[in-house]
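In the two complexes that follow, chain A is the common piece, with chain B as its partner first and chain C second.
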Partner chain A sequence: MRDDYSSKLGYGLKWAYLLSIVGALLAPVFHIVYISFNEHGFSARIYEFTTDWYRVVLGDIMLVASLKWTFYLALSAVLTAVPMGLLAAKLYKRTQHKVAFVTLMLAPLFVPADIMASSLLVFFRNANGVFELLGEALGWEWLTHWFELGFLTALIGQILYTLPYAFVIILITMSRYHPQQTEAARGCGATGWQAFCQVEFPQIRAGVFSACAFVVILSFNEATRTALLKGGFDTFANVLVSQMLNVGMSGESYAMAGIMSIVAITVIGGFLIYTLIQSGRLERVARAKADPLMSS
Partner chain B sequence: MRRDIESTSPTAGGGWDVPASPSPWQRLIGEDGLQKWVFYVPIAFMVLFFAIPMTATVVWSVFERTQFWMEPGFTFSAYENFFTSARVENYLSSMIHSAWAVVICFVLGFPVAVFVRRRVPRVAQHRVILLFILPFMISELVRVFAMRPVLGRYGLVNSFLMDIGLINEPITVILFSPLGVIIGDVLSFLPFMVFAGFLAMEAVQLYVFEVCDDLGAGTVRTFSDVIVPLAAPGIFAGSVFIFVNSLGVALVPIILGGPGAVNAGLIVNQAIVALDFPLAMAISTIMIVTLMALLYVGHRLFDLTKILEPIN
Partner chain C sequence: MANMPNIAVEVTDLAKSYGSVVALKSVSFRIDSGRYFVLLGPSGCGKTTLLRLIGGFIRPTRGRILLHGRDVTDLPPNKRPTSMVFQSFALFPHMTVTKNVGYGLRLRKLPTSEVLARVDDMLDMVGLEGLGDRLPHELSGGQQQRVQLARSLVLETDILLLDEPLAALDAKLHKSMCIELKRIQEKVGITFVHVTHNQEEAMTVADDLAIIDNGELVETGRTIDLYENPLRRFTADFIGENNIFDGRVSRIDGVEATIDLGYDTVTANSRGQAVRVGDDASISVRSERLQIFDRDGKVEDSFYYLPATHMETVYLGLTTSEIVTLPDGKEVVVRRLSDGVENAGFSRGAVIRIGWRKADGRLHTS
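So, the complex of A and B:
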């Protein structure tokens, strides 16, 4: 067999290629963040550092309101999509119809945002009509506004978008968990809930928290589904889209894009660093257990 | 684990207390009651808000158009409208652009997956793949938007090429053109080829590469005759994802395509803005059928369930 590392140059070049791909994906985003701190905006010859564009964005009442809606939506998405992802992952483990189940859970990943959003829009309008008729017929007014476009419909759109990711992340973590441990706990007299909370959850906790981080960011970034399903409020991404299309690329829109990038980089970057440190620590512990003499 | 259990609810013999006879309320919310059904909530949600709307899309596509909405009926006028207008040409040309995006993503991204699986030490493989999560997690909107100052007339690419003297005038074909759309699609969806490729490569045992090396197979032969067939399910899944999203995400042609650039997602958007809901549903149906057909063919050819083997 050829030695993997015999050609240091070839190996180094492959690494350089990999890093250049990551760099090419990230460079435009860093460039935009860089521009957002320029007092003179894009394509100016002079670069003068300023945070004024960010001040303008954060001083704009409409934008702050949109940030609040984005936060509420992301929080609600986490509180619903992550537990549902967890339930789905647990059901996947015990179901015999794995292919059908996973197809249903992952199918939304393959349907483009605009297609899904338009189908949901028509679905909600029809559902709303049916509920209105029912409400009028039965004299129950509370039935009439269930699926009017608003926070609930936007949230449903976001859950559909984020649930497959939460499901996959938790499922991957769960694949390392041995169900015999739950059986052992049940054998000791634990209820299903106790076995889950005290035996299983501590071992899949990392996956659940990663799912939370991913859902927050996916929800924060989402624009297309929310634009069609949100009704009367705006999210941060929606305001950015409308600014870009109607006003063009202003210093303010660069700052908004900068905020979205910085939030994503901080949350996901922080999560990645934490994961790397944790896995390094666990590796050292495992190595120490396996070979206490060498590790000391 | 055992110590954990005992310390939380100690009993004389270790383990938990088990109530002798549960109350009706406990029975209702117990493991044979509501707790059993709560696991089906995600399925119910997906059926109600995904499967039903997607299936109903086909039905709505044959409804009659009214001034602001649509009414039950059976007509193919939305399909006729689509197939007899310039929309079908736009749809087909956006399919070609999407196919190009898939090819470029494969050429750029799949070797990364192979390299990580083959050459990077096993303990570090997942960490290297995690590098691709970060760009993927930055809003697609921002990533596409960020291409404008890079590809524009006075953007980074043109400035760099002019500074090193490679060109005298800015290249204008890379923005507000079909090429700009393809570049945007590639940068948006490339990480998916890396993820799907790596997932598929994880199922390929490392000794397979050793056998190829021992038998003297060259790099190209190993790649085409061994790696690609073994990783085919992942490559196909990644390709379908990129193809369908390139075809259906309207943001890319809106921001990078310039006037006249469209894809299926944008045509749907335009139909909704024009309050032509049956047409929007007809195009969505065509997209869904395209997707289902691709997945069916892929599953028959490559057995896509193999991708899930590492998870199972």
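So, the complex of A and C:
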């Protein structure tokens, strides 16, 4: 509570409201995870805890392969979209045309996934044609096949999807950073890169890591774009969706959904816990320095 | 002419524009080594732009910058022999005081023991001993500013740039920090280039002053010279409490120029300025050089007198200001040391004379 006049009841009610909203949002996710550990599946009256469904999923070579492709795609998306988002955020801070810039960066968010995917599909087909003609004309075979449907095209789709989020998350953290600190570092003899690594990045890394986590989660759960752009491999989400459409929800499907939910919750939950512990520790240290006799 | 080795900063025809906006027009001046040099001017006049150009944080549109004879115009900040203290505490919040102050030394890859020793010495010098483990947000405003100062001084650069370093401090702290800065500059002996809009701050610390207005260098010189004998009207208006009487040159007699104020004429030494009959000109007199006289009192040949009407007495503690109006309605301030008497014996509306010694009037033609 912020002041002595705040009502304890009001304070408690606010927290209860917040937790109930969060609970309502997360309840379906936890329910899926709960079912995925039931030997008898969904709607069974008897609940027997088992990890068998997970063993089936993780024993399925095709599913494990799709999990690997999903992981590679997520990792590649993080390694490309997050640095691009960081550069875009830095450019946004410096440009005078902020409205136009942010509109362009966030525009992909307003394009439905299927429209984006089919547009990219057409674009890649046409680009392939152009590069093939160029390759034939120049005799450079390496120019061809660049945009054939595969990992690269799926990755481009992921980047277009996740880049706006990475940009916004990093920008929010960057808003607390004062560019004068970079100038101060330069004045102390630092190069631009040193000033970034030693002064700026430590202060925005929470945003950068949050962006990484977000990109992983988005990438892990993305199905529509990947379905159209992936070519000859499958991602975990694609397999799950395909199973749901063709076979319906099975024990394996719940286990697969459980894996995806557990990954997301673990990443976010881990982050939250780390942040809480860090801020609690810093607060104790600050109290100890300010009032060493009174603090404990 | 070759650059003298004792010139710390030399700026030649320096200008900066942002598109159609001219932040700094052509500026040229020199700063001698070891001097406390202040760039003084109103907000938005271009003094911070000029400081940042010297520091290398922005590129000039035109002109050259030489530091100790070396052309640094195209060099970035980390390659110049300068360090900077910023207005809004550009300390690194994730580093302790020790790490903040030692940052530049660590960049030079000095041994840790040497870094710590130099940091400790510098913290002692700025009065922050024992606070090395604190984080910036755990310090007061004055302490944070001292950390910035320590971080810049520990690098032992030749030139320290200060961008309104005291602007965020309260009045009492402001005063003590002014004196502290002066003391430190005299102790370390390097060149300080300090930007401020605060006249009192400038007068307290500066050996030399440059007055900047609207992107132009108005006047430069020793502090005492600019205060006692400003050449430009703007300088007289900006520094000290001066009364300025505007008029037109009606007569020239050798080096003496007579200014017709409309209701009276006064004469002043042209001080080497080019003057022609008919030119607009003004006379400035510092408020503490003016005196109030009875309307029908004695007339001395060494004084000029103007008729006036007494309006108000303002008691300010150390000084008392008498506000009077001239026949053209202009308000004039006459300042004196308070002598325990609430007013000078004149009631509101009393017709009086104001006067000043002829030598105290300064002519301004621009």
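Going forward, the second predicted complex is superposed on the first by the 260 of 296 C-alpha atoms of A that agree within 3 Å, B and C clash if a C-alpha of one lies under 4 Å from a C-alpha of the other, contacts with A are read in each partner's own complex, and residues count from 1 in each chain.
Assume a residue touches a chain if its C-beta (ideal position, glycine included) is under 8 Å from a C-beta of that chain, and two chains touch if they have at least 3 such contacts.
What you are looking at is a predicted structure, and each value in this text was computed from that prediction instead of being measured.
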Q. Regarding the shared-chain residue A:A184, is it in contact with chain B (first), chain C (second), both, or neither?
A. both
Q | Partner, of chain C and chain B, that touches more residues belonging to chain A | A | B
Q: Once the structures are superposed on A, label A:L26 by its partner contacts, choosing first (chain B), second (chain C), both or neither.
A: first
(Q) One more residue to check, A:Q194. First (chain B), second (chain C), both or neither? (A) both
Q.
Output check: A:N128 vs chain B and chain C. Expected answer is one of first, second, both, neither. What do you get?
A. neither
Q: Look at A:P112 in the shared chain and tell me whether it touches chain B only, chain C only, both, or neither; answer first, second, both or neither.
A: first
Q | Common interface residues of chain A - those touching chain B in one complex and chain C in the other | A | 181, 184-185, 188-191, 194, 198-199
Q | Touching residues (chain side chain A, partner chain B) in the complex | A | 1-2, 4, 11, 14, 17-18, 21-22, 24-29, 31-32, 35, 42-43, 84-85, 87-88, 90-91, 98-99, 101-102, 104-105, 107-116, 118-123, 125-126, 156, 159-160, 163, 167, 171-172, 175, 181, 184-185, 188-194, 198-199, 214, 217-218, 220-221, 223-224, 228, 237, 240-241, 244-245, 249, 253, 257, 260-261, 264-265, 268-269, 272, 275-276, 279, 283
Q) Where on chain B does chain A make contact in their complex? A) 1-2, 4-6, 8-9, 11, 14-18, 31, 35, 38-43, 45-47, 49-54, 56-57, 60, 69, 108-109, 111-112, 115-116, 118-119, 123, 127-128, 130-135, 137-143, 145-150, 152, 154, 156, 187, 190-191, 210, 213-214, 240-241, 244-245, 247-251, 254-255, 264-266, 268-269, 272, 277, 280-281, 284, 287-288, 291, 295, 305, 308, 310-312
Q. Which of the residues in chain A come into contact with chain C in the complex?
A. 178, 180-181, 183-191, 194, 198-199, 202-203, 286, 289-290
Q) Inside the complex, what are the residues of chain C that reach chain A? A) 55-57, 76-78, 82-84, 86, 88, 90-94, 103-104, 107-108, 133-135, 137-138, 148, 151-152, 155, 161
